[in-house]
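Chain nomenclature is as follows: A, B, C and D, assigned in order of appearance, with residue numbering initiated at 1 for each chain independently.
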Amino acid sequence: MTTPPRPDIDPNAARDLGFGTRVAGNSLLRLINKDGSFNVVRRGLGAGAALSPYHALISMTWRSFILLVLGVYFAINALFAAMYVACGPGALAGPPIYGVGHPLSDFLRAFFFSIETFGTIGYGHVSPLGLNANVLVTIESVITLFGVALTTGLVFARFSRPTARIAYSHNAIVAPYRDISGFMFRCANARNNQLLDVSVRVLFSRVEVKDGNRTRQFTVLPLEFERVTFFTLSWTVVHPITPDSPLFGMSFDDLVQMDAEFLVLLSGTDETFAQTVHSQTSYKHDEIIWGAKFKPIFVEAPKTGTIGMDLSRIHELEAAELPPMKTVS
Amino acid sequence: MTTPPRPDIDPNAARDLGFGTRVAGNSLLRLINKDGSFNVVRRGLGAGAALSPYHALISMTWRSFILLVLGVYFAINALFAAMYVACGPGALAGPPIYGVGHPLSDFLRAFFFSIETFGTIGYGHVSPLGLNANVLVTIESVITLFGVALTTGLVFARFSRPTARIAYSHNAIVAPYRDISGFMFRCANARNNQLLDVSVRVLFSRVEVKDGNRTRQFTVLPLEFERVTFFTLSWTVVHPITPDSPLFGMSFDDLVQMDAEFLVLLSGTDETFAQTVHSQTSYKHDEIIWGAKFKPIFVEAPKTGTIGMDLSRIHELEAAELPPMKTVS
Amino acid sequence: MTTPPRPDIDPNAARDLGFGTRVAGNSLLRLINKDGSFNVVRRGLGAGAALSPYHALISMTWRSFILLVLGVYFAINALFAAMYVACGPGALAGPPIYGVGHPLSDFLRAFFFSIETFGTIGYGHVSPLGLNANVLVTIESVITLFGVALTTGLVFARFSRPTARIAYSHNAIVAPYRDISGFMFRCANARNNQLLDVSVRVLFSRVEVKDGNRTRQFTVLPLEFERVTFFTLSWTVVHPITPDSPLFGMSFDDLVQMDAEFLVLLSGTDETFAQTVHSQTSYKHDEIIWGAKFKPIFVEAPKTGTIGMDLSRIHELEAAELPPMKTVS
Amino acid sequence: MTTPPRPDIDPNAARDLGFGTRVAGNSLLRLINKDGSFNVVRRGLGAGAALSPYHALISMTWRSFILLVLGVYFAINALFAAMYVACGPGALAGPPIYGVGHPLSDFLRAFFFSIETFGTIGYGHVSPLGLNANVLVTIESVITLFGVALTTGLVFARFSRPTARIAYSHNAIVAPYRDISGFMFRCANARNNQLLDVSVRVLFSRVEVKDGNRTRQFTVLPLEFERVTFFTLSWTVVHPITPDSPLFGMSFDDLVQMDAEFLVLLSGTDETFAQTVHSQTSYKHDEIIWGAKFKPIFVEAPKTGTIGMDLSRIHELEAAELPPMKTVS
C-alpha cells in the first residue's frame, strides 16, 4: 500500500487547482485569458451569494462608478425636492428660480435647496420653515453623513487597491539551457515602482487519457528559481526540462494533442505600500516557440553608473538550436 | 528518553487547538457550528477585557449599527437643543417653527438649528447670538469633527472587512480514492471574486479514554493537497485513509462512540483586495456518509471556450462501493 | 573547520535578538516588562530619526490625542480671529457678541466666525467683506481640507490599529510532562473575538561566563506545539525539558545565578479583520515555580452543548511532584 | 545528466534577482544606492504603463503634494468663477468685493463664492440666482464630494504608508568570527517604535568571466542568523567565511577586480501597525574594511534596570587581526 503523494514530498504532484479534473479536452478552451481573468462561468450561487456589494463597487470601472454615484446623488436630491414641494408653498422661503408661476420653479428651487443641504453648503437664501421641511432637512443631513462616509471610503479603496502590472513576453519558448533545454518565458514590472520578494508558480495543464476517460491533469513545474529578492529588471523564468520533467521527450505536436496550457501565478510585495500583489497569465500551446531564445533587453546605460533596460523588447526572440534530447540512462 | 513529537516532524501529532483536552465527551457537543462560529462561552474576562469598542462596532449587524448612529445623532442634537434653549430667548435669532408661544417652538427651533450646525449646513436663517450660543456652536463643531471622522472610518471598515463566503457540501463522505478509501468534503467559493493560494487544514477531534479519563484528542489529518493555487471551481478536499491515518480501520459506529468532529479551517487570498480571508466549518459524525461519492458539479459550458459549474450541485451524492479495508502488511 | 550553526539546522542555536550579547548580568534587569514594553533606552537617534509624527500621533493616549487636536483647533481659530480683526472694522459684517464698544467683542466675533468657517458651517449672519477677509477665508478653507483629512485618518487609524489582548499566567512553571518535566505557561485570548493560526516563540535569555567575560546568551526553546489553528480557549505552552534542552539538569538556583529571563512572542490572525497581531511578555527567574501544575480552567458549561471557560482562573496552580531528572545515557 | 540547482537545496545558488546577468562589469556601477533606491533606468514602459496615478501621488514629496493640491484647488475655483461671471450680472446676488465698476470685482466675488461653495461653507451673503448659477453650484457640489474623498484618502495613505528607517553602519567589515573570519555589517532601528521578526538577506554580486563573456553573478550568502525575533538594539549581521563561502580565500583586490557589491534586503513587522516593512542598502567593494571589528554600541544604562544604546556609535570600528585563512583539508 503506497502513501499518496504529498505536495511537500513530490513537487511534481498534480494539483486540482479548483479547476476540477473532469473537464473534457477542448482545443478552443483556455483556462486563464491573457489578461489574467478566468474562463469560468459559475451558476447556482444563489441570490445573495454572488458578488458582495463592496466587491462590485470596487471592481466596476471608474466610468460606471462615477455614473452610479451621480445617479444616486441626483435621485436622492430629486426625491427630496419632490418631498419639499409636497410640504406646501410656505415650506421653503427664498427667491424662485424662474419667477413665481413658472411650473418648474417650485421644484427647481426645492431641488437646488436639497443640493445645498445634501452638500452641507447651506447658503441660506432659501431656508426651511415649519416642522415638515425641517424634519426633511434632518433626514437629509443623516443621509449625507452616511453617504459621504461611503463615498470617501469607496473612492479611496478603489484608488488604493493593490495591483501589479506585469509585462509577460507574448511567447513562451523552449530554449537551450545549460546543456539541456528549458521551458522559458520572460516577465518584468511594467510600473516604475519596486516589487520585492517576487515568486512565480507555473502549472502545466493538459488532457490525458486514463481508463478511457479524458481528464485534465495539473502539474507544478519546478523552476530554476522560484523566488527573486528584487524584480528591478526582467526575469527569465526557466523550467529545466530534465528527465524528471513532464515535458521531457515531448514535441510541439504532443502539446497540441494534449491541449496543453501553462498557467502562471506571480506574487510579490509592492515596496510603496508593503502590500502583496498578484498577477496571473497563461501560455497556450500555440503560443510556445520551439528552438528560440530571448534577445537581450538591456540597452546602453543612459548615463554612467546606471543600468538601462528597454521593456518594449521583452517579446523579442531569435532562433536557437536546441541540444539533442538525452534519454534517461 | 525520547524527544517529544514536533509538529514539523510528525504531521499527525495531536494539537491542543486552544480547545483544551480535559473536555468531557458529550455527543450533543459541537466545537464549531456549521456557520463557523465557536460553541464556547468565556467567563472571567474582566470588565474592560471583553470586546474592544472597535470590535463591537465592526461586528454588530448593519441594522444595529445604523440604529446606534441614529440614536447617538439625535441624542447629541436634543442635548444641544436643550442647552441652546437654556441660553435664554435671545440666544437664537430666526423664525420660530410653530409661531411664537407654542410650547415646543423654542425647543424645535433649537433642535433644527443644532442639526444644521452638527451637519455643517448652516443656512443662517437661524443664527447664534451672544457668547453662550457661540460657545455651544464651537463645541458642537469640534464634536462634528470627531464624529464624522469616526463614522466615516467605521462605515468604511465595516464595508471593507475582508470576508470569504465558502460553500461547503452538507456532508463529508468516506469515498473510494485510488485503490483505498478517503475522507472527503467539497467546497467552492460562493462569490464571484477570485481566491488565490487557498489552503485547508482538517482536524480530527474525538474523545479517547486514557488512564481512565476521557480526554479530547486533536489530530491534523494529512491531505491529498493542502494548498491549491487557484480556487476557481470546486475543490474536493481528500484525506487518504492510509494505514497511518487515525481513521484507518474505523467504522461509522467508532466515530459515534468517539464523538468525532472534523474541524475545517480554510484560508486564501482575496484577489480583489490582496487580503487574506478565513473560513471555518465542521463535520460532526452524523454528517458523514460512508460509501458515497460526489456527483460532478460541471455543466455544459454556456458558450464555447468557457467552463461551466453549477454551485447548487455541490451537495449532490451518489452511492459508491468502498474497497475492502486493507490491513497493514 | 566546522560550519557555523544555522537556525534551520540547529533550532537551539543562540540568536542575537537585537539585544546584543555584551550586556553585563544584572539581576535587576528585565529585557521585556510584563506589559510587553521593552526595557531599553536608545540614544543618538538624531533629530529627525526618532518617532515619525505618524507613529507618535497613533501611539499617544486618547486623552493626549484629543487634547492635542483641541489645542491645534483653538490655536488655528484664535490666529485667524486675530487676522480678521487686523483686517479692520469693515472686514466682517454682522452682529457683535457683546455689543459695540466691548473690548473683546470684535475678537470674539472674529473667533466664532472663524469657527463657522473652519467647521464649514457658514451661517452667514457674519460674513466677510473686501479682499483681505475673503483671502483669509480661502486660506482657512484649504487648511480645513487638510485638517479634516488628517483628523479623519488619524481617528480611524487609532481606532482600527490591530492589537491583541492576551492573558498570560502570572507564573511560568516547571511541571511534570509525560514522563519528564516541562517548562510551561498558560495563555488565552482576553477578548471575545477569535484568533486563528496562533504561534508562539519562547527565548531563553541568560548570562554565561565565556573567556572570562559575562555575556548574555539567547536560545530559542523548542515547544511541544509552536502553532495552534484555533485559540478559542486556553493554551498551555510547553517546552519539554529533554536532554537536548538548555534547561536540562538545571535547578531554580541555576536560573537565579544566570539571571534567566524567558521572552515570549505570540502572533496570530485576528479573525474580525484578518490582520496579524502580536503580543509579547517575559518571565523572570523569580516568576517561575518549580513543581506545580495548572488547575483546570474549564467550568460547567453554562448550557448544554457549549464549553465553558473561566479566564480568571488562568493563574491558578496546584503542587505537583516532578519526575526525577534522568541523566543522558 | 544533473538536476539544476534548486534554491531550497543549494542555498548558495546564484539568483537572477531581476538584475539580469549580461551586465558588463563597470567599477562605477552600483546596483543599489546607499539610500536604498535602485540604479536602474527602465524604458519602453509605454504611456499608461508607468507609475499609476496613485503611486505617483503617494510617492511624491509632501511639498510637491501640497503644491499640487493647492494648484488644483485654485484652478477649479478660478474656472468656476469664470463660469459664474459668464452667467451674467444677475447670477450672483451679494455685496461686491471692490465696489461696483471695478474690473476685477465681479470675478473676485465669483471666485470667493466658489471657494465658499467648494469648501461647503456657504455663508449666503452671496447667493446663486437663476438656473445657470444653481446648476453650476450643483456640479461644484459633486466635485467637492469626490475631491474631499480623494484628498482625505491620499493624505491618510501618505501619512500611514508603512516605512522603516534602518541605520546601517557606513562600512561592512571582514572581522574575526569564532576561529575564522566573517563578513559583517551592523544595523539598528533608527525609530523609537519596535520592529519584530526581522529577517535579512545578503546577496553577493560580482562580475565573473565565463566562456570569455563577463557576466554578473548573484549569490545568496548564508548568515549566522537570518532572522531575529526582536530588533530592539543593534544587530551585527554575520556571513561566516567558511570553505563553502564564495568569499573564501578572497582578498580585497579580488573584490575590486570582480566589481563586488553586497546587496542587503531587510524585512520586519512594525509593531505599531502590524505591517511588514522593508529596507534595502548595499556595500560596494570600497566600503569594506578588512581586519576591523565594531566597537560596542552599548552605554551606561541611564537608570538601573534598563539597557542603554547609543545609535550614533553604529559606525565605529577598531582594528582587529584576522585569523590566517585556512585551506580546505
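The criterion applied here is as follows: a contact is a pair of C-beta atoms (placed from the backbone, for glycine too) under 8 Å apart; a residue touches a chain by one contact, two chains touch by 3 or more.
Bear in mind that the values here come from a model prediction, so they are computed numbers and not experimental data.
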Notebook entry, point to check: Which of these, A-C, B-C or B-D, makes the same contacts as C-D in over half of the contact pairs?
Noted result: B-C
Item checked: When chain A is superposed on chain B by its C-alpha atoms, the rotation angle in degrees, nearest 5 -> 90
Note to self: Interface check for copies chain A and chain D. Shared numbers divided by all numbers used: above half gives same, below half gives different; which is it?
What the structure shows: different
Item checked: Centroid spacing, where centroids are CA-atom means, of chain A and chain D in whole angstrom -> 25
Item checked: Whole-Å separation of chain centres (CA-atom averages), chain A against chain C -> 36
Notebook entry, point to check: Hey, what residues on chain A touch two or more of the other chains?
Noted result: 116, 120-124, 148, 152-154, 156
Notebook entry, point to check: If you look only at chain C, which of its residues touch chain D in the complex?
Noted result: 1, 3-7, 13, 15-20, 22-23, 26, 28-31, 38-46, 49-52, 54-55, 58-59, 93, 116-117, 120-124, 126-131, 134, 137-138, 141-142, 144-146, 148-150, 152-154, 156-157, 161-162, 201, 203, 220, 263, 265, 267, 275-278, 280
Next item on the list: Would you pull the chain D residues touching chain C in the complex into a rising list?
Entry: 66, 69-70, 73, 95, 97-98, 108, 112, 115-116, 118-125, 148, 151-156, 159-160, 163, 165, 167, 177-178, 180, 188, 190-194, 196-198, 222, 224-236, 240, 242-244, 269, 271-274, 296-299, 301-302, 304-313, 326, 329
Check: What residues on chain C touch chain A, complex-wise?
Finding: 120-124, 152
